[in-house]
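In what follows, structures are represented as structure tokens.
Consider the two complexes below, in which chain A is the common component and chain B and chain C are the respective partners.
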Partner chain A sequence: MTTNGAEIDRQPGKLRVGMHWASSCGGCDISLLEIGEHLLELIEVADIVFWPCAADFKYRTVADYPDGYIDVCLFNGGIRSSEHERLARLLRRKSRTLVAYGACAMDGGIPALANLKSPREIYDAVYHSNPTLHNPGHVEPKTQWATPLGELDLPGMYPQVLRLGDIVDVDYQIPGCPPVGAQVWKVLQAVVAGEVPARNSAVRVGCDNRSVCDECPREKRKTRIKAFKRPHMAVPEPNWCLLEQGFVCLGASTRSGCGAQCPKAEMTCRGCYGSAGLSSDQGTAMLSALGSVIDAVTEDRAREVVDEIVDPTGTFYRFSLASSALKARR
Partner chain B sequence: MSQGESVQPPAETGTSQAWEPRIIAFLCYWCSYTGADNAGTARLKYPANVDIIRVMCSGRIDPDLIMTAFARGADGVMVCGCHIGDCHYIAGNHKTMARMPLVSRVLQDFGIEPERFVHEWVSAAEGDKFAKLVRQVTEQVCQVGPLDWPRRMYERGVGHGQDLQPWGDRA
Partner chain C sequence: MTIPATTSAGPTRRISIDPITRLEGHGKIDIFLDADGEVADCFFQVPELRGFEKFCEGRPVEEMPRITPRICGVCPEAHLMASAKACDAVYKISLPLTARLIRELQYDIFYVTDHATHFYALAAPDFVMGPSSNPAERNLIGVIRKLGVGVGQQVIQARKWGHEAAAIFGGRPVNPENAIPGGVSKPITASERDRLEEIARYLLEFSKFTLKVLHDLVLANAEYVDLILHGPYYHETYSMGLVDDKNRTNFYDGKVRVVDPEGHELCKYAPRDYAKYIAERVEPWSYLKFPYLTQVGWKGFVDGKQSGVYRATPQARLNVADAMSTPLAQEAYEEYFETLTGDRSGHRMVHHTLAIHWARVVEMVNAAERALELVRHPELTHPENYRVIPHDTPTEGVGIVEAPRGTLVHHYVTDENGIIRKANLVVGTTNNHAAICMSIKKAAQGLIRKGSDITEGVLNMIEMSFRAYDPCFGCATHSLPGQMPMVVRVRDCGGTVLSTTTRA
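Presenting the complex of A and B:
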């Protein structure tokens, strides 16, 4: 594999591949299985040397590898705790190529929506005020705990969700929540064939350079929006642009590559492939686009229409809050 | 660092006694900028806390510019354009009027007080309205105090990830 023009001095033989999850739901790990029977082809050319989701590797095993031992490490999930940070740094050292795999590692993903709440609010909801909780002792997680066998050091939660790229240098980003199987396979084939673009954290692979609207087959009739609807409120007319029908579809601000799966299935694009533009702020791009298609001639009417959008922040930044200009609630 | 963030700790603002708010005003060329000029020619007094950025049309003010202004250290942002019906480009400000209510909702979700973001129409003849607006905005931003966004994010590890401390563990 040549990247940056430099030949990698790995012994001829199999590639060593690792995958790790940090603040992640596990979906990205599963998405690797979505390459289907190609998995067998992958196993022929690559050894899995670390994959906590699928095989029993200890962190210690990785720590004992020489630096740069892992050829490609797919890192999914954002950085929310000290454990995530420790593994990010460890895997950066042990990997020649570190890939931010999926929306969470790249842009914070869904977990980064918690950046709109303070850690105190999160703890209160999770450990105290949720109606289904029973926590009479008001127990909260601790990072130190004395047991009869000795003192335990446990991971602690950070004040906000960070991207992998906030902690260590990242060589590539593969967007998606999770990345679609066909794209993942394309990237893996390129890696095996040594055809990946030069390393640079800004390089996104496994996606195209357009917006989801470009890939979407639904008809655009240049209709302006008079009112917004939520998906449960109406059945969309088939083959007509969902946004023009008043459903908040994020296709315009979202990078293509997924094949516009969601609009093809009558569901609005939620924006999982991240920002389509040069700016990483996907939310303002959508906000801007919406402003251009609202049908209102007075200020009051315009306000009425946009007020129908429930939770604009959570909607426009659903997968990319940690990459937005502001990144978190004050 | 890797995603193009700054790694230098931002200079501290707002801790010295002589804190002065920094307000970024995006003004459209045809009306509001001329309105500000008008305030100048009429020698109206207004606080020197605004940095004016002239754009061709208020419809050109991408909300990204507003968020970026706050993210890079502005304490307040003003957006001014021609009154509805007066747009040099016919309907540029119609886009502004649909975007700005959304911008203020999003800003409030990020914990940025409504006092810090003001959207008003100012015509070329309304120099006194502009001067009054600047006085009012400066005053209300002074009341809510420094925003200090770059430092806040730096302290939480954005862009450098050094010396992170788990929340709740700090003495």
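Presenting the complex of A and C:
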């Protein structure tokens, strides 16, 4: 993490830290546990004042905190319902520094693939056409439902998954699905030491400024791709660049900092650390990267090779559809 | 948190618990009281839906083991394995031995750490700190302070080493990425195997230690034993779980066995036949569906042999198993059944909801012992048999594992290029949805009586009824929204707030 002398906006005494999950999977909360025994060190210098996953502080407690009471709030998950939005706004008000923590809060994450479908299509699949359904009355959940004893309500779903930054100002972003524990600990140490970069919604911390390819140990042989292969249909040659072997790997368009974990496990990068460049459109960046490695001299031939890629949208924007130029289907 | 206004006629009062806490995911409870202050009815609602089943359509099937683990970052390995097995079935692949060994070993190590997380972080605070203790201290940090940093370090090491194992298998400590149709992406080297054995040995010692913690802190406390045996936490339902060919426990593979409340087998089926045996019901007041047994039928939110409601929990898995697959777990199984039923054979079923916590620790011992067996298998480190390339045309397949929270089904239909056309997911917690509703209602009925004080402690004891299930409504709704506060307002029939209780 670079330091420019800017101090985090904090109060004297122990640091007050919060963590919250919106439309996420819990993996981000688990990633905070990844700091292991450092968790015991963290408790020495910081009070956890809100962390539903690990501590019993309630929303009512947070509502009663003075504005700006929380020094740093790590917010994970995208925004899918009015309830998520309400909590995002509340935690923004209660927090001096609000961090979009993880791929979902930052770029929508995998749940944002739902933006390729309409809520109606989702309802039809889940409540009307799955093979185990027995729903002769065509029942669907209703946001309001009257029982003989009183009315029950459910929050409505938003038509698409949004980023935290679409709802409130975000001070920093930590990428990853989930963020890597060692990176998280570095960020927390810097916060405790007051050594953080100036706040700016575009500032990403807990990562590096290069691409996954730059930290990947697999050898590049400068060969060009003649055809694409699906990962289960061929065993990759060890230690050789997966993309050069024809496996679609997003390392070139993805921000570094994870340690190239997937390529080291013989799996292609799927881009969870977000866009490597200044543009947040990871898919466009990947397409231009492909342009330079495909073995084709004519445009038609290039198109032929690229057409072999199955599901380019769901692959190039696996974690970042909510940040892309595509945004949503409609 | 907005509390819906009471719209009913008549002398009804409503208690809303929104949201429930110390679980994975989001839910809320509405309790309706009659004029005497007794519980007239109770609804448990799950307020979210994410639609993985729909947006997986159009994705390549081999990407499903990389997409579906993001349904739940707490139990990604359960989705990883169920998805990989569904992919194998789609391509009609029979796994080579080494691939199978690696997957099951990976899964058993995950099982120990996942159960440990629930036991120490989510369940233990109710027992170590007490059901009605200060809620600000009723958490993992309180547990560590009370039991000592030494215990805390052991818990942290179990998690840490468990995640190190996940990274050895799949590159990443959370959301490992190694599962592919036909096996796993990389073999296990000899030195990796040695480290995995060290980890498995530690996890076995840790599981035995956890069993001792359970004995010392819960079973040695007469008040807790009374609560488990005689509290409002009891339902006689069907039980579901995977068993091997000798009807012993297996978390990774086998047939699904269902037994009735007395322990008689209702059915035993291969994963591909799951849709003949379970159906899902939709209620208009919850996003989450209600599975039930088709052979018995849906009879409403009631227990007993006539009702198709079943449970798929650690307790259910012990009920359906004739024996555990490993010796120390078998000892723990016999002790568990003898204490709770008077019969160590396991032939008499256990239905005490709070005893699910105990069954979970028995499973920890089982998973750790099984991991130790597998890690010593000579074929584990075979340099080639860790994967095969599919040759058949992809069509349709079902994969089932026992997720820590219940039987997990992934069912995919693809086109001839292996692109998903339809996906159906029946996940662990969803199996228990109807039973959880019933457990909450029964606890509310038992704990809220005419004229009784509705304290924070009482509310927590209602919540303990679902906490025993280790529910993951993130998985169940294929989303995981936040946990939030719990505010209870008692209103009169005109909507006027009579009292407010805040748990904070």
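A few remarks follow.
In the analysis below, the second predicted complex is superposed on the first by the 297 of 330 C-alpha atoms of A that agree within 3 Å, B and C clash if a C-alpha of one lies under 4 Å from a C-alpha of the other, contacts with A are read in each partner's own complex, and residues count from 1 in each chain.
Quick note on the criterion: a residue touches a chain if its C-beta (ideal position, glycine included) is under 8 Å from a C-beta of that chain, and two chains touch if they have at least 3 such contacts.
Every value quoted in this text rests on a predicted model; they were computed, and no experiment measured them.
In the overlay built on the shared chain, the residue A:H232 is in contact with chain C alone; chain B does not reach it. A simple residue count on chain A separates chain B from chain C, and the partner touching more is C. After overlaying the two complexes on the shared chain, residue contacts for A:S324 are found with chain B alone; chain C is out of touch. Once chain A of one complex is fitted onto chain A of the other, the partner contacts of A:S82 are limited to chain B, with no touch recorded for chain C. Residue contacts after overlaying the shared chain place A:T315 against chain C, while chain B stays out of touching range. In the superposition on chain A, A:L116 makes contact with both chain B and chain C. Of the two partner chains placed by superposition, only chain C is touched by A:Y59; chain B is not. Using the contact criterion defined above for the overlaid structures, shared-chain residue A:A302 touches chain B, although it does not reach chain C. Within the superposed three-chain model, A:M157 lies in touch with chain B and with chain C [touch as defined at top].
Note: residues 81, 116, 119, 140, 155, 157, 314 of chain A belong to the chain B contact set and to the chain C contact set alike, using the contact criterion stated above. Those residues of chain A that touch chain B in the complex are listed here as 79, 81-82, 85, 116, 119, 123, 140, 143, 155-160, 162-163, 165-170, 201-202, 279-281, 283-285, 287-288, 290-292, 294, 296-299, 302-303, 305-307, 309, 312-314, 316, 323-330.
The touching residues of chain B, when paired with chain A in their complex, are 1-5, 62-64, 66-68, 70-71, 84, 94-99, 101-103, 105-106, 109-112, 147, 149, 152-153, 156-161, 164-169.
For chain A in complex with chain C, the touching residues are 20-31, 33-34, 36-37, 39-40, 43, 48, 52-64, 77, 80-81, 83-84, 87, 109-111, 113-114, 116-117, 119, 121-122, 124-127, 129-135, 139-142, 144-155, 157, 177-178, 181, 230-235, 261-262, 264-267, 270, 310-311, 314-315, 318. Across the complex, chain C meets chain A through its residues 1, 4-8, 10, 12, 14, 21-22, 24, 30, 32, 40-41, 43, 45, 47-55, 57-60, 62-63, 66-67, 70-74, 76, 87, 121, 125, 135-136, 138-141, 149, 152-153, 156, 159-160, 163, 167, 169-178, 180-182, 185-186, 274-275, 278-287, 289, 291, 294, 298, 387, 389-390, 411, 417-419, 422, 424, 426, 472, 474, 479-487, 502-504.
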